Amino acid sequence: MLFKRTLPLLVVFVLGIAMMIQYFIPHPISQSFKEGADNWIRIIGAFAIVLGLASFFHVHTRKIMRKNKDSIFSVVAIVSLIGMALIGILGKDGLDNWLFSNLYSYIIVPLDATMFSLLSFYIASAAFKAFKARNAMAFALLVTAIIVMLGRVSFGSFLNGLVEWIMVYPNTAAQRGILIGIGLGIIATSLKIILGIERSYLGGE
Amino acid sequence: MSISTNLWVWLAAFLTLTIYSFLYKDNIMYKFAEHLFVGASVGWSIAIIWHLTVFQYIIDPIKEAVLNKDVLGFILVLVPTIIGLMYFSRFSRSKGWIARWPIAVTMGYYTGISITPSIETNIFKQVEGTILTSFNPGSLGSWWALLLLVGVVTTLFYFFFSVKHAGFVGRTAKVGIWFVMIAFGASFGYTVMARVSLLIGRIQFLLHDWLGIIK
Amino acid sequence: MMKFWLFLERLDRRWIYLAIGLSVIIPLIFPFNSPTTITPPTVNLWNYIDSLAETGKPLMVITDYAPSTSPELDPMSRAVIRHALEKDIPIIIYGGLYPQGFGMSQRVEQYVIDEMNHKKVNGDTIIYGEDWVLLPFIPGATAVIMGMGDDFHRTSPEDARGNSLSDLEVTKDVRRLGDIGLIVDISGSSLPRLWLQYATTRYGVPVGVGTTAVSAAEYYAFLQTGQFVGMMGGMKGAAEYEQLNEDLIEVKVRRVASIAMDAQNAVHIFIIIIVILGNISFFVMKKNKARRF
């Protein structure tokens, strides 16, 4: 239990308090402690990314083992991963390798951008099917959305002043209210983690 | 009109159209493109991390420390490397708890470091921007500043769930929800612009870079 | 008439997809050169960057985004870099806190550099190391900003091409984040807030932002307090910046975002029409149902 729970919680407490205090102490010792901590976090963070990759392999190899009709796509994912990684790691000129750059520019970029651009079709369809003024508040939302949509393009440039006013006053007021709420939430959660009240990040007992 | 003669551009155009085929119906080609994307982008990240992280922050400093016989430098890189390696215990059922150590170090660092700047950025500065305005009844700007103050306070009331929304609190929260609705409406309007921009980007690629129809 | 509203209610969504596609394609093929109205947040950012020419301090442009939002954000990165290079403001191009941003920074760098060196007469118009520097990806997110705040060269000892930062004209005097004139974070996520939280609040470095339209509404709260010096919001913001570049410093290049605004016009109008039609249909059907029972 000492190594499984007590010591990790103690590490969070000591490190959390130390990082909080060092903010107020511009002494060289405090500075070099912070710089050391920054460096450690960078190294540890790199392994967290590698962990994500290991998890990727885990999921797809399991799918391949199951041998259902979609297994072939897991093979595509793994082969493209290995191919891309090997070209980047072993290719001449490292990251400036022409094949690696072209695969990025002409495969990853178009696929990623196109995948996300599908959202434009869905948002239009959703606006048509579901964006209804069912009550006064929904009506306010709808009218504001229409004013902003129109005022942000040249056809509705006469609304530009009104849109800027909406953004600077009512919009800022609500966004700020939400922001302050989130800020307070972050502080409360951080303190709960440092004090060991919130432990869910450690996983099951 | 000048159609591209670059095969890479043709490949990108083919993949773009493959993804759009999903709009009509899910199909094999879409699934192929989807998995190709996932694999290739993770593979790309591996190569980036290999060159720019593993070498620069782990292998090179260890090499340097060994060559210079710098014991402290060696330990300062080796210890976080070992802590980082502990993440891999996640794949073992019995030793999975070891991964709590790198998680604990990361959590301790980030929670401790974020509290003070978060208070200053998200609370102090925001409150300051809301209340620090000299009020002049003759100036329209002052009335808008007052509207801003009312909006912030009532929105906070709306999101304050520790008290029952009844009586004064309920009425104040109701004013708050009007501000929230206007803000969400504005966000929706902007979101439409954002999503459409992504589509325009792809169509520009097809019409300009691939088919050469537009300038 | 009832038949029409019923037809609308049951309309297959693929017809809407087709209409959206056409609303984008037609204005791109037959542009009508819609004028761009400039808004204060973009002007403020442009002016702040322009004023850096007098201080000699470098500008740090961060491409904190992935290819998914590149159609919206690439034009911003290009316009800002172009502005700085035209005004001889040294630039540090940095891919930001996640690996994907590094790929974006390489692409944007290549695009602008090719464009500028295309007009070379005797050699290159701009030179790497003297006019701009490209930083590599550095893992650690917040730790990177904190590290740069205290010791820039220790956090990123080399540029993306393996040169020591101490040997490059642009970066040799940048010992810490405070030596940078302005950070412009171009991002579709909440990362500009992270730069604000650490670079501005802790190290006092001003931050400007270029963001997707999705995040623009949220960032108005930081503009009002003066925490962000200015902002480009979505493709409209990018088009405004391109317009300012053309009007004020005579940058005559292909204005990607401005061209796109014609299509934005058409799609916005189309969506407004279908939202109104959808609502009329909703109320007509509701009334009809009420009459039947």
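In this document, chain identifiers A, B and C correspond to the written order of the chains, with residue numbering beginning at 1 in each.
Assume a contact is a pair of C-beta atoms (placed from the backbone, for glycine too) under 8 Å apart; a residue touches a chain by one contact, two chains touch by 3 or more.
Just so it is clear, the structure is predicted and the values come from calculations on it, not from any experiment.
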Centre-most chain [mean C-alpha coordinates]: B
Busiest interface, counted in C-beta pairs: A-B
From subunit A, the most remote chain by mean C-alpha position: C
Between subunit C and subunit A, distance of the C-alpha-averaged centres to the nearest whole Å: 18
CA centroid of subunit A to CA centroid of subunit B, Å: 3
Residues within subunit C bordering two or more other chains: 17, 20-21, 68-71, 99, 103, 138-139, 142-143, 146, 202, 217-218, 221, 224, 234, 236, 264, 267-268, 271
Sites on subunit A at which at least two other chains make contact: 23, 37, 39, 41-43, 45-46, 49, 95, 104-105, 108-113, 115-117, 120-121, 124, 127, 131, 142, 145-146, 149, 152, 167-168, 171-172, 175-176, 179
Junction residues of subunit B, two or more chains touched: 23, 41, 44-45, 48-49, 52-53, 57, 109-110, 113-114, 117-118, 121-122, 126, 129, 148, 183, 186-187, 190-193, 196, 198-199, 201-202
In the complex, subunit C residues that touch subunit B: 14, 17, 20-21, 24-25, 28-29, 31, 68-72, 74, 99-100, 102-103, 136-139, 142-143, 146, 157-158, 193, 196-198, 200-202, 212-214, 216-218, 221, 224-227, 233-236, 254, 256, 259-260, 263-264, 267-268, 271
Residues of subunit C touching subunit A in the complex: 11, 13, 16-17, 20-21, 34-37, 39-40, 66-71, 99, 103, 106-107, 138-144, 146-147, 150-151, 154-155, 160, 202, 217-218, 220-221, 224, 234, 236, 261, 264-265, 267-272, 274-275, 277-279, 282
Residue ranges of subunit B in contact with subunit C within the complex: 23-24, 41, 44-45, 48-49, 52-53, 56-57, 109-110, 113-114, 117-118, 120-122, 125-126, 128-129, 148, 183, 186-187, 190-194, 196-204, 207, 213-215
Subunit B to subunit A touching residues, read off their complex: 8-9, 11-13, 15-16, 19-20, 22-23, 31-54, 57-58, 76-77, 79-81, 83-85, 87-88, 90-91, 96-97, 99-119, 121-123, 126-127, 129-130, 144, 147-156, 158-159, 176-193, 195-196, 198-199, 201-202, 205
In the complex, subunit A residues that touch subunit C: 23, 31, 34-35, 37-39, 41-43, 45-46, 49, 95, 101, 104-105, 108-113, 115-117, 120-121, 124-125, 127-129, 131-133, 142, 145-146, 149-150, 152-157, 160, 164, 167-168, 171-172, 175-176, 179
